[in-house]
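Next, two complexes with subunit A in common: one pairs it with subunit B, the other with subunit C.
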Partner chain A sequence: MIKKDDIYKLAELAKLSIHEDELEVYEEKLNRAIESLEKIKEVNTDNVEITYNVNQMKNPLREDIVRESLSQNEVLKNTVEEQYGYFKILKVMD
Partner chain B sequence: MRYKTIIGLEIHVELMTKTKIFCSCTNEFGGEVNTHCCPVCLGLPGAMPILNKAVLEYAMKAGIAFNCNIARNTKMDRKNYFYSDLVKGYQISQDDIPLCEGGYIEIESKEGPKKVHLNRIHIEEDTGKSVHTEDGDTLLDYNRAGVPLIEIVSKPEMNSAEEARLFLEKLRATLKYIEVSDCKMEEGSLRCDININIVDMETGNKTNITEIKNLNSFRAAVKAIEHEEKRHIDLLKEGKNSEKETRRWDEVQGETIIMRQKGGAADYRFAVDGDILPIEISEEWIEEIKNSLPELPHDKKQRFIREYGLTEYDAEVLTQSRDIALFYEDTVKHIDDPKLVSNWIMGDVLRRLNDEDLEVDSLKFDSKALADLIKLVKDEKINNNTGKKVLRDMFETGKDPNSIVKEKGLIQISDQGELSSIVDKVLDDNQQSIEDYKNGKDRAVGYLMGQIMKATRGKANPQLVNKMLVEKLESR
Partner chain C sequence: MDIINLSGWEMREKLLNKEISSREIVKSHLDRIDKVEENINAFITIDKEKALKDADMVDEKIKNGENVGILAGIPIGIKDNIITKDFRTTAGSKMLENFTPIYDATVVKKVKENDGIILGKTNLDEFAMGGTTQSSYFGPTKNPLDETKIPGGSSGGSAAAIAAKEVALSLGSDTGGSIRIPASYCGIVGIKPTYGLVSRYGLISLSNSLDQIGVFGKDVRDAVLMLNAVSGHDSMDTTSINNDIKLDIESLVDSLKGMKIGLPKEYLDLEMDPKVKEEMDKAINILKDGGAIIEEVSLPNIKYANEAYNIIVCGDASSNMARFDGIRYGYRAADYETLDELYIKSRTEAFGDEVKKRILLGTYLLSGQRGDEYYKKAQKVRTLIINDFNDIFSKYDTIICPTATNLPFNLGGSRPSKYYNYNEAINLAGLCSISIPTSKGDGLSVGLQIIGDRFKESNIIKAALAYEGMVK
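Let's turn to the complex of A and B:
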């Protein structure tokens, strides 16, 4: 069961701000979603190998050969702000 | 000892592949900002990462060199966290199935050889670089985004700053040997984090683990460990405990400073990266990589002891870097006197290189020239001190030792008659010293030797002169 604290934590991870009056709605919806997953647990998966990818191909590896990159202009094309060839954002400090 | 230090290390190493881990952008260091980028390493929507084969090969080389088990089946996972230098909001890394598992690095600790075990080595992508300006902005360069890394995680099995230093040096030497990374801490191609805590052996009390970041040299790592050791022990003595936190080393202040408390553990929500298909590694491939590895430092060291009759210490120093070992072996090829060559390289050559923080490949002379110089000394054409002077000249000018000796007229004087008359003259001019000698002052001999060397501009054969001088003093 998902509790209110879990929802705050999830919201933080998802970078969402949640109002207190929304909590109950989320709580109910999320719990319903999780409950529906319970159904899957009924399947017996003993002796079944884990499927990491439904595509059965393996090792499509790339040879180590340099190809042309984008130009600096192209790289910065979609950014709002740039300076000296850098992407410019508000200061972040960890 | 009452307090036991426990140290574990996490080392990130950038691999020297030509391209990045998931795209064909160049993996060259530096470059004009944001010019080594493409839709994949910029994390643009819809771009598909394709794993670089060479990254697997380089990482396997490291794994084999450090005695790890190589996974036959592995995969890539997404590690989710939010930071502006991480383009996709997740880093492609490895979670529960690392490429290499276990293994160890053997160090020569004071108490003898010690195996420091590894937890794992896994592959992942590097992040971009942020520059924080004084105007309150952050500037981002994504040239480094997607540069291939291996993360090497040791078990907490080191018990002193010295052991950590030995571990790091062995690790770096090996990775450079097998040409997996250039391991330049100043360029960030080798980065190390330290986990440290202290156990009070009497009470069994343990301090909480501190993680130390921002170490840009092995020396800084040693100083940070020593600082942190003391801080933890002082806390224990006061009946307190350290906080579980991350600190950074401040080189200027010479202390660690708190960065953040490790309150709730970070939730990275690891999940399989569905963009990258499972990786299968065949026995043949592993065998192929094994066979491609050059002789490793440890094996080379043992061979040097066996083949050249060197001491454990000499062999250790000479095999620290592949270039030094190669230079040594090349020199021995030209003059078959392994011990003498080892003395010259370990003494004057390495001292000078260390003083000036240079590598062997920046020497202006080659192994043949050094062998020629050693031959001149060995054949007593020049004496040892002159030899050192000639070597200094070779460092500066790169000139051939035979030409230096010829040009400067440094050939040693071994002619009995010539030396005899010089010794006589010096004795005549220094009556006081003769008297001192007779009165039992042995220092007088040293002074007179000095005068003779001065008179011959250092060219006199010292063994001959010494013998002659004592004889003449006795007979006066």
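Let's turn to the complex of A and C:
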């Protein structure tokens, strides 16, 4: 069971803020969702391998050669604030 | 001749025979959009001028006797979680309301290289999280077959745009049924290809090992045309397979004689809307009459597919959504005093409720010991589900079931809990699957789902073509 305090903790981890008014709704929704997942615990998975990907994957390696990439201008096109060709955020050090 | 009633491949044929021009094809669809779009809301963004300009370029190529691509002149819609260079891409979220990508997804590049005409970006559940297209920040899409009903989702806009004759072909994405369900509800054909057949470079990720870009068309031939245009290996997507399978439609028009089809008893045990049940029984008889051998099979672990899927999707979504930080792109809150406040306010103000719920649930499922208890457990159950399918595909060519066990429900509602389906299992196992309408003309549509083994698209297309030929 998730309690209201747990929701604040989860929101903090996920960089979200949950308003007091919404708390009960999230508590109800999340507990219902978690409860619905419990059935999976009844499956016996001893000695079963994990599948992270359905196809057999290998890392495709290539020579470390400099290739054309996106320009600084293009990369900055969608940011709200930029300065001197950089993303502008708050000062984090004095 | 009303151009919008033609299928995509018919438009292309008439274009190459110089019976119609690309401008005429595009113009007739733009006129149709003017008429119905305000009501249907299949699109988030449309660029009419660009579409007409692209059409003129195709006409110019034909005039000059140049070769044109396999999508030449065909009006196309792209789901708005697939990025398009210099063309707004929102993923149905306030977070990306003003986002203009700086490069094309590989599939978009391929559509353009094949001379397809992109009319616009289609509506979806926010970040593809849902099955109704109701969680879009840009409002719900209506089902063109019955405007009081949902079109299904999350690729609801892509399916509705075809059903409403606003485009002939479209692209969607399918993580747990997001192409097949709207295809079924809107009465069109949808293909969820094998994981790895189509590049996902430029698809805004929901769940990386489940997401697959796929296609919609008015008929099987249309859907195959679109699939052939976008499939193939891509070095920009490490999960794409180095195996350029192209489907030769003419060689797949064949009788079903000898095709072995499995009918999973776990599906037959599900509660079904009486019309779905009736259509399913009819479909089984039609396939048998066509020469297929249909036998009952069992997928014992499929009853855990929903649980395994929800754990994996929410876990993956919570980390995928972390990239939306308000700094490099996307929404940024107006007031903040600290960096943390910038992140928190931007994300809280711009994500919708369903997205927040999945992020919180995923964060819960992955934190501390729960990573082993849930996420790893789900990936092990996934192995068992894959083994079940492998067993069946060692003896059978395809598996059939209803795409949805219910008919589309009213806008504003949610799926009645008694109706359940196992569509997520197909993504867990990375299989290919097609949804094809069982009958037309009497209101709401029912979809027949034909599932094939990995990279055995040829089997499902062969069965679908034969079935389509018999119900036409």
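What we mean here is this: the second predicted complex is superposed on the first by the 87 of 94 C-alpha atoms of A that agree within 3 Å, B and C clash if a C-alpha of one lies under 4 Å from a C-alpha of the other, contacts with A are read in each partner's own complex, and residues count from 1 in each chain.
Operating definition for what follows: a contact is a pair of C-beta atoms (placed from the backbone, for glycine too) under 8 Å apart; a residue touches a chain by one contact, two chains touch by 3 or more.
In this text, all values refer to a predicted model and were calculated from it rather than measured experimentally.
When the two structures are aligned on the shared chain, A:5 is found in touch with neither subunit B nor subunit C. When the shared chain is aligned, subunit B and subunit C each come close enough to touch A:90. Of the two partner chains placed by superposition, only subunit B is touched by A:61; subunit C is not.
When both complexes are overlaid on chain A, the residue A:69 reaches subunit B alone and has no touch with subunit C.
Once the two complexes are laid over each other on the shared chain, residue contacts for A:80 go to subunit C alone; subunit B is not touched. Touch counts on subunit A: comparing subunit C and subunit B, the chain ahead is C.
In the superposed pair of complexes, A:53 makes contact with subunit B and with subunit C alike.
Of the two partner chains placed around the shared chain by superposition, neither subunit B nor subunit C is touched by A:20. The residues of subunit A shared by its contacts with subunit B and with subunit C are 13, 15, 52-53, 55, 57, 59-60, 70, 75, 87, 89-90, 92. Every residue of subunit A that touches subunit B in the complex is listed here, in rising order: 9, 13, 15, 52-53, 55, 57-67, 69-72, 75-76, 83-94.
Only residues 2, 6-7, 10-11, 13-18, 26, 29-30, 33-34, 36-37, 39-41, 43, 45, 48-55, 57, 59-60, 70, 74-75, 77-81, 87, 89-90, 92 of subunit A touch subunit C when the two sit together in their complex. Listed in rising order, the residues of subunit C touching subunit A in the complex are 98-100, 102-103, 195-196, 209, 235, 238-239, 241, 301, 304, 307-308, 310-311, 318, 322, 325-330, 332, 336, 338-340, 342-345, 347-348, 351, 356-357, 359-361, 363-365, 367, 373-374, 376-384, 386, 429-430, 454. On the subunit B side of its complex with subunit A, the touching residues are 17-19, 24-26, 32-39, 42, 50-54, 56, 75, 80, 82-84, 130-133, 136-142, 259-260, 267, 269, 272, 274, 277-280.
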